[in-house]
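As written, the chain order gives the labels A, B, C, D, E, F and G, with residue 1 at the start of each chain.
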Amino acid sequence: MTLSFALIALLTVVAALAAMLLRNLVHCALAMVVAFVGIAAAFLNLDAQFVGFAQILVYVGAVTILIVFAVLLTRGGLAPERSLFSTSWVWGGGVALAVFATLAWAIRQSVIRDRQPLPEPDVTVKQIGEALMTRFVLPLEVIGLLLTAALIGAVIIAMKEAPAGGKREKESADLEEPGNPPSVMPPPTPEGGLS
Amino acid sequence: MMETALRSELRKQGIFLTTLEELYNWGRKNSVWPLGFGLACCAIEMIAASMARWDLARFGAEVFRPSPRQADLMVVAGTVTKKMAPQVVRLYNQMAEPKYVIAMGACAISGGPFKQGYNVLKGIDRYLPVDVHIPGCPPRPEALLHAFMTLQQKIAAQPLTGPHRPRHLIAAAPSEYPIPEFGAHDLVPPNNPEIWQPPSITPAA
Amino acid sequence: MLGKGIIKGLAETARNFFGSFVSERRLTTVPYPDARQPLAENTRQFPFLVYDGDDWEQGLRCVACQICEKECPPQCIYIVKSKDKKPDYKGQMQFYPAVFDIDLAVCMSCQICVEVCPFESIKMDTEFELSTADRFGGLLFHKKQLAKPNAHYHRIHPTDAAASDAVLAAEKAKQEAKARAAAEAKAKAAAPAPVAPPPSAS
Amino acid sequence: MSIAAATNGKRHRLVPPPSPADGALGELLEISMGPQHPSTHGVFRMNLVLDGERVVKLKPVFGYLHRNHEKIAESMSYLGSMPYTDRLDYFCSLTNNWAYALAVEKLAGLQVPERAEYIRVITAELTRLQNHACLGGFLLQDMGASGTPLMYAFREREKILDLFEALTGARMMCNYMRFGGCRCDLPPGWREQAQRLVAEFPAFLDEFEALLNENEILMARTQGVGVLPASLAVNASISGPMLRASGVNYDIRKVDRYGIYDRFDFQVPLGEHGDVYDRYMVRILEMRESLKILRAALADLPEGPIMDPKARLRGFRPKPGEAYGRIEAPKGELGFYLISEGGPHPYRYRVRPPSFINLTILEDMCLGQLVADVVIILGSVDIVLGEVDR
Amino acid sequence: MFPRRLSVFILRQTLAAYFGGLGFYMTDALDQIFVTTKQFLVAFLAGLFPPAWQPLATLLISAVVMVAAIIGVFATLFAITTVLERKGLGRMQNRHGPNRVGIPFTQIRLAGFGQPAADGIKALIKEDVVPVAADKVVHFLAPVVMVVPVILAYAVLPVGRNMVALDLDAGVLFFFAVGGAVELAVFMAGWSSRNKYALLGAMRAIAQMISYEIPLILAAVPVIMIARSLSTTGIIAAQAGQAGFLPAWFVFTPWGFAGFVLFMIAATAESNRSPFDLPEGESELVAGYFTEYSGFKFALFFLAEYLGLFVISGLAITLFLGGWHAPFPWLAWLPSWFWFFVKLLGLIFVFIWLRGTLPRLRLDQLMNFAWKFLLPLTLINLLTVAVWHYLSASGWRWAVCVLMVIVPYVALGRGLWGHRRVRKRVYRYAE
Amino acid sequence: MALASDSYLVLVVFLIAAVLFALGPLALAWLWRRRFSPAKPGPGKNAVYECGLESQGDAWVRFRSEYYLYAIVFLVFDVEAVFLLPFAVAFTGLPVGAAVAMLVFLLLLVEGLVWAWGKGVLTWR
Amino acid sequence: METLAQIKARIEAAVAGAVVEMVPNDSPSGQHSLWVDNSHAVAVAQFLREDPELRFDFCSNVTGVDWPETERTEKVKTTRLVDGVETSVEEIRKTKRPGFLEVVYHLYSVALKHGPLILRLRTENRSDQVQVPSLTPVWRGCEFQEREVFDLFGVVFTGHPDLRRILMWDEFTDHPMRKDYVEPDDYEYEPTPHDEVLVKARRSGRGEAGT
């Protein structure tokens, strides 16, 4: 464990904790950005340049924006006033522990632990590209399918929530007097007199 | 020995302060960004002053900032009505120090031709400290440029320290002024007695 | 719809950009205060009082008739009539303004005072560089600040000044002719009759 | 006094506003544009309720420049009100002068000499030119065009103001017309200067049109925005270029034939869609028509007196009675309604301000549009607060 | 028009470039003057450290020197650009622009180039107003977060031969990755102010930036496909030499030209410049997301915006305009950094020119433009470049690719406004 | 790979320098305020600006879901771009089949885009 | 356009029960007007707008006029039988006219290009019965102008959709365009000694002479 990794890990964990514990949802989202950056730094620390920058591009640049918009769909990111600890915490903690235990077990069982560290490969973007387009071409197509499905799914959900604009314009009610009958259209003016 | 050393040290400090003061004033006076708002007729001449013929930009002052936070100069250009006065004072309050006020035109100074009106404030100096007055109805664009240079001279003459330093450098001096409220017949209060007192009147000879 | 209009517009601004280095028409700035735009002859800013001769107090044409004070729409003129009289340019004894103030902070430069003045005494100045930090001290003009010689009037509005001089000269001539006629009549009458009282000044 | 029983009437409306209750997922945002706002052309204020950026409700708020012009005029001599009319629509002081002079002339039965009528037409059309040019500039400024069109418009306006200054002595507040004529005659060389300006002005219009008229962004921003149908425009007393942009042929210069307008050959451009683009274009085309009038008037200008000999400067007391005089000001129908009781002051003095009344249907035009549209719709109405609030 | 001595000089240098000799070495030295200076400086400073530390010290000192140089040069460029922009706009509008503020304590006016110094001093001494309702921490952080990624992006920008701070293998990706953080800063500024205009401006800004980021990246992909590298230096190297009488820059290919135009449009939007300056659209939203900022925080937004403009222009130069390469070999005696900055100033002028001419788009039009016009075009451009690659070099290749660029452009351009029937109108006259 | 980590060290230096560059003038401004020009906050001055009026209602309202929708579309295309970049770098060395595979990948997403376009989702309301 | 008398006749024929009275105008402008009673005003307006020969579709101007209570003394010559002989005698007659508020509408026809037709509506007095019907439902253009008349004169328009103050602020209680309105005492302190100024200064107790 190098010093750089320790720093990065500390940063990531603290930011993640902040994201969890802060009261204001927007603050949480911003803390999570820091955690994302930390993860990206961890990738860079492992010399996974492409993944590291992709992590920043996708998570900091896009996912955070998504989260921020989601937060703004609630009211201004103000968390509801309730106690910080609740019963769901117990459940959450339990699940987290279980996941951690499983991972730890898997890693302990893994053969990687026993092997001598290999010389780190010098992976260029080009190699990634070639691998992606040859060995992993099927997964790529699956991902494409998945992304499209996600796009369509999101659109459908969002469309259900927001009816199309055309519909809204047809429904009418006078703002000031809700009970008012629909508008009185002005009297017809013969076009002959106008031009 | 002690004394001469002290004196030279003081002089050094003095020179430093003078240089700083000059630099400070130079920066302030050459980067006066007006708040982008106009009230009435004079505003058109203010716009004209920033247009090609007169080109306020030559002084570096064409940056009309729409937000009071970023503006340095409030050009009260036009009639301040009683309905508008609270807003003008609030805008002034929301400007960041250092800030200056130019009362442009007769209406802004005294109510001008409309001073007999029931809804017209008889001079913005009832609520705000005015740095420069420009007479005229409306003043020519050159007159605004002239007033602008008058303001620059005023800024250049302000000391950085000492008792005569400008208001915004004095901690005790106010930076915002009370905003008048709408009353049943008039603004309440009709003027701010802190900064405006009716001039005394001597009877006719 | 394919950007043609945008390119046309860009060409127009480019023409102005490059034109501004060569053409007067495309660089219209008057670099005040280094240079000034010549003022039109009719230009008016604020009123002033004309005086004839060298002494501003003696030569003031104003007779404190207070018409301008009454007609001034924003009511920015204040006149106090003198108790005594002094001779005017015609030699007639007239009142004069003991106080004549114009509050330039109120004046709307409408020129109505000039139009209604029957004595060619109040005229419009072209001075506009009056910005000041002192509202009452700098913008309330008293008689002394208002009084300016006829030569000044001639300088700023030559045509009007000539016309106004002509009017005054005509009136003076009329007055003198009248006086001469009166004097002749008096002389005629004086030969047989005792001395008549001098004609009233006002 | 109570106003409790007052609100059960109906209005002629353009589009029934969408209800905030249904459809919108976002919360409504109440926002106030003005009185200090870069695009409200002064101290106008609009209370907006926004759903996202779409306007759900718009309430104009007036009075931030209510200078009591009418009240002051009722204690002022007839002549004394003339300089105040300059300050109504401070872009167009000469047309204001004319409208007021016209009303007083009707009230007192004064005749205007022919030369004065010609000068009036010339100055009024020059006023129209600079007003419309500036409107185009301001509209584009509201659209975010960093001032370039406005600068070009003001460049031309300065030339016209030079003419005004040479004639009347003031750039903006001319105070030039008098009951029964004009205050002073043209200075030497003025007519030639004006003719030169009229000859050069089309070059400016061409430049302006090249800069903007085919600009895709301008067209996309303005076409189909703020549509005002003809029938509603008439019912809501809209006047001036805004009415004509809706396709209604009503130009007071043609209808009333006041002054000597029947001597000039000019056409009235009409819009078809009544949107912001039409309002903008109708004004551009009107400028070309004004140039026609100016060319003819400057060529035919007769010699003669410029004042009705009956007219009096001081002690002017019209007989009891009332009169309503109106002209086609650049912004629309500018009328003056005067009641005389025989005294030196008007008993009642009323201005019919075109830009105030043209704002009546602002809300109707803006509902359902975006915030950015509100700004240009307001810009295309062409208001001047001095006239709106008086 | 040239002074005679200058033309003689140019002639001599050109001859020297052709015939080698002393002139060649001189130009080469001039070209590398900053590189050698840096090396000298780094070697000198690193020598002060004990030998064991020297590798690390060399690295750190070299980084510090580079970052200082970059910040120094581009901050100065920012200062100059503000004046140039104001003066340039002025010239387009028939006026002078700032020309009176010169050197302090003197009467020298310096054609107004003292203006940024005065503005800077003013910004420094201006009071810092933070609204009571604001989220103070985020309000403070926003301008800082705005500046940081922009400066980071300079790390991969080659400003001359051998003049890049960090030659990353994934340089372009790094550029886009840090660019994404700007959106966050804008959101922080707008949200934390708790001001309605600021929040609306921030939402607009994010919507705009995310919409134009995709076309921005996709417009760069064709270049990467042909240059076979994500590294900025690699891309520049791929544009060396001549292709016929034109330089081998990517902009002189059909797909490259289309890509350049698309990239520039997206870059204009990304840097919030007119006609895409909606987030700070004065006439609607007062000052947009920085409505509530005063003093130097406001200046930082300004700074970040301009630095972002430079860096994205720099990327456009790298991708399409041959980086620091001289356009013609007989002009290669001029140093590489000179060419980079000439191209940069040229692009800046284009930005100023656009700002001086165009009105602003509306939000919905802006979004439509990104998703329904730019995005499809960039996707088609990918196809074009593939076709370009697979066809052998011939007139046919040009014809096909030009068609592949123009036909979708015309079709989408008409379709974009089609349903609204936006067009020039003919007016009728009464009587 | 010592070289690569070194380049990240340069990045760290850049990061620190950038932060200092942003904070430096702010610190200077803070010093100036402390020494010469006292800060004068006030309830009126530090109130939220709203065109000279007192601000009515909160600015932090619930926003429309459209923004969210755009963010999703953006995210999807961002991910696509991430896959596209390595492909682009390797493009010239790849067989035609790989290019076709990428075309299919793109077309899948384009199909999603076209579908969303057709549904009017891309039309800003 | 038809003469005013013809229009009056047409109105009376079309709107049953409408009381219309001609108000003559002595000035050279010769713009006479019609006074319509309040209860039939809307119907009359509707008729004026709809009638194919009149078509007053454009309500150009709406304004209020304040007529305070006046006492007019005039010398009237009457003939009276004095001692069986008709002689003309001058006698002083005092006419007291009760005060009222008046709203004046100027109508034009855009379709037929004629006008103006001037309508007048009057309130019963100036204090409590100050209602007139709003014509906004007929002409939308009246909306803001009627609000202005309400604000400045205090005429209450029944049936107006949105009757609020328009020019003055909401807390304001006076109606400043009325003839008896007293301005707030904040007259500008003129620096010059001046009778009126001195009176005002003394009255408000500030800036007392000599202080």
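The definition used in the following text is that a residue touches a chain if its C-beta (ideal position, glycine included) is under 8 Å from a C-beta of that chain, and two chains touch if they have at least 3 such contacts.
Everything numeric in this text was worked out from a predicted model, so none of it was measured.
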- Chains touching subunit B and subunit E alike, please list them. C, D, F
- Message: Can you tell me which chain lies farthest from subunit A, using the average of the Cα atoms as each chain's centre?
- Response: C
- Task: Could you quickly compare D-E and B-G and let me know which has more C-beta contacts?
- Result: D-E
- Measure off the straight-line distance from the CA centroid of subunit B to the CA centroid of subunit F, and report it in whole Å. 40
- Task: Take the average of all CA coordinates in subunit C, do the same for subunit D, and state the distance between these two points in whole angstrom.
- Result: 33
- In whole angstrom, how far does the Cα centroid of subunit F sit from the Cα centroid of subunit G? 63
- Item | Computed distance of Cα centres, subunit F from subunit D, in Å | 46
- Task: Name the residues of subunit A that each touch 2 or more other chains.
- Result: 49-50, 54, 57, 61-62, 65, 69, 72-73, 75, 77, 124-126, 161-162, 165, 176-177, 184, 186-187, 189, 194-195
- Residue numbers in subunit G touching two or more further chains are 57, 110-111, 137, 140, 161-162, 167-169, 176, 188, 190-191, 193-194
- Query: What are the residue numbers in subunit E that touch two or more other chains?
  - Reply: 92-96, 123-129, 168, 170, 173, 176, 191, 196-197, 203, 206, 210, 213, 228-230, 282, 286, 291-292, 295, 356-358, 363-364, 417, 422-423, 430
- Message: Taking the touch rule as given, give the residues of subunit E at its contact with subunit A in the complex, in rising order.
- Response: 135, 138, 168-170, 173-174, 176-181, 183-184, 187-188, 191, 203, 206, 210, 213, 228-230, 430
- Item | Complex contacts: residues of subunit C adjacent to subunit B | 28-33, 36-37, 45-46, 73-75, 80, 98-99, 103-109, 128-136, 138-139
- Query: In the complex formed with subunit D, which residues of subunit B make contact?
  - Reply: 35-41, 43-45, 47-48, 51-53, 64, 66, 68, 78-79, 81, 83-84, 87, 91, 107, 113-114, 116-120, 137-138, 140
- Given the complex with subunit D, which residues does subunit F contribute to the contact? 50-53, 56-57, 59, 61-66, 125
- Of subunit B, residues touching subunit C in the complex: 52-55, 58, 106, 109-116, 123, 125, 130-137, 139-140, 142-143, 145-147, 149-150, 154, 199, 204-205
